[in-house]
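The structure follows.
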Amino acid sequence: MQLDQMYQEIILDHYKNPHGRGLREPFDAESHQINPVCGDEVSLRVNLDGAHGTDPSATVVDVSYDGQGCSISQAATSVLTDLVIGRTVQEAFDVHAAFVELMQGRGQVEPDEDVLGDGIAFAGVAKYPARVKCALLGWMAFKDAVSRSTGKEETR
Amino acid sequence: MTSTATPLDIVTIKADFPILARTVRDGKRLVYLDSGATAQRPTQVLDAERAFLETSNAAVHRGAHQLAEEATDAYESARARVARFVGARPEEVVFTKNATEGLNLVAYAMSNAATSGPEAERFRVGPGDEIVVTEMEHHANLVPWQQLCQRTGATLRWFGVTDEGRLDLADLDELVTERTRVVAFTHQSNVLGTVNPVAALVERARQVGALTVVDACQSVPHLPVDLDQLGVDFAVFSGHKMLGPSGVGVLYGRSELLEALPPFVTGGSMIEMVRMESSTFAPPPQRFEAGVPMTSQAVGLGAAVDYLSVVGMERIAAHEHLLTEAALSALSEIPGVTVVGPTTMVDRGGAVSFTVDGVHPHDAGQVLDSVGVAVRVGHHCAWPLHRRMAVPATVRATFYLYNDLDDVTALVEGVREAQRFFGTA
Amino acid sequence: MTSTATPLDIVTIKADFPILARTVRDGKRLVYLDSGATAQRPTQVLDAERAFLETSNAAVHRGAHQLAEEATDAYESARARVARFVGARPEEVVFTKNATEGLNLVAYAMSNAATSGPEAERFRVGPGDEIVVTEMEHHANLVPWQQLCQRTGATLRWFGVTDEGRLDLADLDELVTERTRVVAFTHQSNVLGTVNPVAALVERARQVGALTVVDACQSVPHLPVDLDQLGVDFAVFSGHKMLGPSGVGVLYGRSELLEALPPFVTGGSMIEMVRMESSTFAPPPQRFEAGVPMTSQAVGLGAAVDYLSVVGMERIAAHEHLLTEAALSALSEIPGVTVVGPTTMVDRGGAVSFTVDGVHPHDAGQVLDSVGVAVRVGHHCAWPLHRRMAVPATVRATFYLYNDLDDVTALVEGVREAQRFFGTA
Amino acid sequence: MQLDQMYQEIILDHYKNPHGRGLREPFDAESHQINPVCGDEVSLRVNLDGAHGTDPSATVVDVSYDGQGCSISQAATSVLTDLVIGRTVQEAFDVHAAFVELMQGRGQVEPDEDVLGDGIAFAGVAKYPARVKCALLGWMAFKDAVSRSTGKEETR
């Protein structure tokens, strides 16, 4: 059945048992993202360890989030936390770029498990353009939160 | 809505809609339950538009040659037939690109009244004036009024919605007052299916001298509607939701009002006299149709109302009544499924929105899609209503004359499948 | 415009346009010389629209089902192809109902800037600000600016036109000043055929920080146009003048500007977030496409630019050049005929307007019609220009890729016939 | 040839030798009408003999006009002067009604020469809807001028 292509076991697992869910302190910046078509939302916080906020070599110490949404958006955000916590901002952005490429590839891009980890399970979602936004919602929040943390030296 | 009408011959009707013969997702029969978003076109409509384009296409109201004459006749004949279909006179029918444009037309013309002549005074709004809408509006009948208020300093107020999904008219007299300039409301909700009490709203609006603006997008395609009889001041609907082409909609306005209403979009064909310094404008409906219009689309819409008239709006309404009733009853039997909107058929049309416990609407829609059932998921351009009903999103099935009970069964089966797939049943 | 391009194969091209095979007025061959008002559609465009409607029709950007996916892809693919056709990026292309709406969009968004956020400040106009147009504008690029001035208190100024029908740029620096907020002008006059010096106008507008708005209705269908290269800020054109459907047009805007421009028509699909109290809006192009769009028409326009690209815009321009030159030379040989507009082919496209001594344009048009030649008569929505040229009206012939030298001959013969009929020759 | 159907000799005669052309004094009211499609214009004055302006029994003493336009609009205005000068306002309006009916009849209305005089020559024009407005331009000015003369007692 076609559905299994989209809803891989990994996705359903993350959906039912999300990693890192819940908003936590401390954090440098928070981002709230909405999918205007379905009203799905995510609030996501990042806590960076580094002198200069978006310094690419800063480490992502924690990502915490809350929100409501479909299995794809929830699972993708859960996978995100696995992929970026403990990495540098630069590494996280590289993963993000690979994930965006996969999602916009209409099923034509071969995912690299070394880079994307559980994210490779979303390869089937890429065939359904209407769901791509769902998969990227948490990532949009992550990127935005990191960029908002630029001025953290000043605002702390 | 009479249930004594002779039933529709769905097999014959389906044969008129080529797209319904296609399959989706690896050979599944297409079960199209998204007509509330956009309906499909019968061959008769496609052929009418094509015949026009292959024989008479020309710019209307502009040329003296034979093609221009024929095109003008075809366009104006469509206007007359559309007018008759909704109980209006031809000069009360303005072709717009969609219903959304029609609502914006009224809202912008009202702010243009500030810098127009004295005949437009009745349309002026400003600080202290109020515009009343409802919490169940489609964004198309909400955002333009928010923007009008933002431009003019008027205040937006709104009717609430009851838990059952009915308009809460308890505070009708406090909401619609001498300060009210416009009461804008939907005839039939595109989410709940609720049919609103037009008469009560029109009566109160008249008492206080407010204009009524009715969003008839979900009523004109599905019920017999006589706008003159309803006594509303303005109404809008879209061609693509009533078997007609996309790119064409209708603004209805009572003659006397359109006569005095300032223009919205300006340019060619809507003028009386143009000088570099200033211009004057043509009488309605031309005043509101700037530029080369959606000519072949109006012709297609004319063919659509012909088609609907031949089938009969009473019969179509009765048919949808039957399907909706069947869907409501079958869905209510599924544990975990909650219908958002009235669950009885009193003052209710054929939009059935629901949630499935533990299955997000997006996911439910995806499972339905995988078995060939096309529904809409999300907030259906009625975000405040969803907030009011305390659901982030819903799954919505909408019916039309080409649907049958098998389609209802497919929907219900699909919902059960979604529950199985996500392990909630 | 290179005349070394291989000539068009008119017989093959004509065969693509079913309407050209019809006869008019008791068996006369149709000689269609009114493409400047609206062009005809090739089978390829009609088929593309029909195939879409028979297989993939659905509301775009709204559904999760297969039809909705296919429809969205078709619509966005059309946007991308139209963008490429005019040297733009997809997000710089907004689909409107016609060019007129596109011009109104910019003019209304500018008055909406008054009540929008700080990012819209660059678009605000008010007393002391000036909008500069030209005396040769189509009403569509004049009246919306008059109305903007009326709404905001800004002042309208304009370039004059020389006796030859050229823009009089002698006072460029006095007209376009630090007070100028917008310079709006046509790329190619729909009456005179004059092609205006975009570069000079853009350069001066940039010097003073004014926005340029170009009416490309008569250039994009007939010449290779690269909007990015021209460096204009906004441009508009209409589908129906370039082999595409009616009911669809394009507003081009430089990304950076569209990003900051407030919305015009509001409603569904253009929002980011809606609450009863207020709303926020989506990024462009969605911000400017409220409601269900002219979906199949955009698909048809995509097919039209494909068709034009296959034939080649260079070749089309060269072909029209040839026909225009022939028409100008033949008409100038008829005593009593006066061409209104440039009589040489320098910076000139294929609109040929003229008067016939002693024969009113309406009467000349009627005689032409009686022999099968479809032209337009009147002021062609450029009334101030006609006043400037001291003629109440003109006869206008416009050429396109499906016309040939026989059509020019038919025109010239028809004019002589009109003179004979009214006893002036 | 079809053209002869529209351009009857009578029409061409009136066009080339218009009756009553030129604006004259005295007059009770003047109307200026424009055809927005082609820019054709007519200015028309009426001089009524009667105590109460639009009193239907008032006599149309004179109609004078000037303007620019096609053969149809010019000839129709010329014919108009023949038909209404010397008649009562009521009679003139009856002729107007008959002429409008003829012009909007798409060639299906049989004109009555007793009522319409030379106006019957316009029967062929009625087959060309784009030209109907031309034929009615002068008549619109006439109706408008008569209605404007309502207040003549006061304004004199």
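Each chain carries a letter (A, B, C and D) given by its place in the written order, and its residues are counted from 1.
Assume contacts are C-beta pairs under 8 Å (C-beta built on N, C-alpha and C of every residue); 3 or more make two chains touch, one makes a residue touch a chain.
All of these numbers come straight from a predicted model, not from anything done at the bench.
J.: Identify the chains in contact with chain C as well as chain D, in label order.
T.: Under the touch definition, chain C and chain D have B as mutual neighbours.
J.: If you average the CA atoms of chain B and of chain C, how far apart do the two points sit, in angstrom?
T.: Each chain's C-alpha centroid was found; their separation is 31 Å.
J.: Roughly how many whole angstrom separate the Cα centroids of chain A and chain B?
T.: Whole-Å distance between the two chain centres: 38.
J.: Once you find the CA centre of chain A and the CA centre of chain D, what distance in Å lies between them?
T.: Roughly 77 Å, centre to centre.
J.: What whole-number Å value describes the gap between the mean CA coordinates of chain A and chain C?
T.: Comparing mean C-alpha positions, chain C is 45 Å from chain A.
J.: Scan chain D for residues touching two or more other chains and write them down.
T.: Within chain D, the residues that touch at least two other chains are 37, 128, 131.
J.: Among all residues of chain B, which ones touch two or more of the remaining chains?
T.: Answer for chain B, listing residues that touch two or more other chains: 25, 62-64, 68, 271, 273, 362, 366, 377-378, 383.
J.: Got a list of which chains touch which?
T.: Pairs of chains that touch one another: A-B, A-C, B-C, B-D, C-D.
J.: If you look only at chain D, which of its residues touch chain C in the complex?
T.: Residues 1-3, 6-7, 12, 37-41, 68-72, 128, 131, 134.
J.: What residues of chain A sit close enough to touch chain C in their complex?
T.: Those in contact with chain C are residues 34, 36-37, 128-131.
J.: Would you tell me which residues of chain B are touching chain C in their complex?
T.: Spelled out, the residues of chain B in touch with chain C are 18-19, 22, 24-25, 30, 32, 34, 37-38, 40-41, 46, 50, 53-59, 62-68, 97-101, 103-104, 108, 112, 114-115, 135, 138-144, 146-147, 150-151, 156, 158, 238, 240, 245-248, 263-269, 271, 273-279, 290-297, 362, 365-366, 368-369, 373-378, 381, 383-384, 387.
J.: For chain B, which residues are in contact with chain A within the complex?
T.: Its residues touching chain A are 25-26, 360-363, 366-367, 370, 377-379, 383, 386, 392-393, 421-422.
J.: Help me check something: in the complex, which residues belonging to chain B touch chain D?
T.: 61-64, 68-69, 72-73, 271-273, 282
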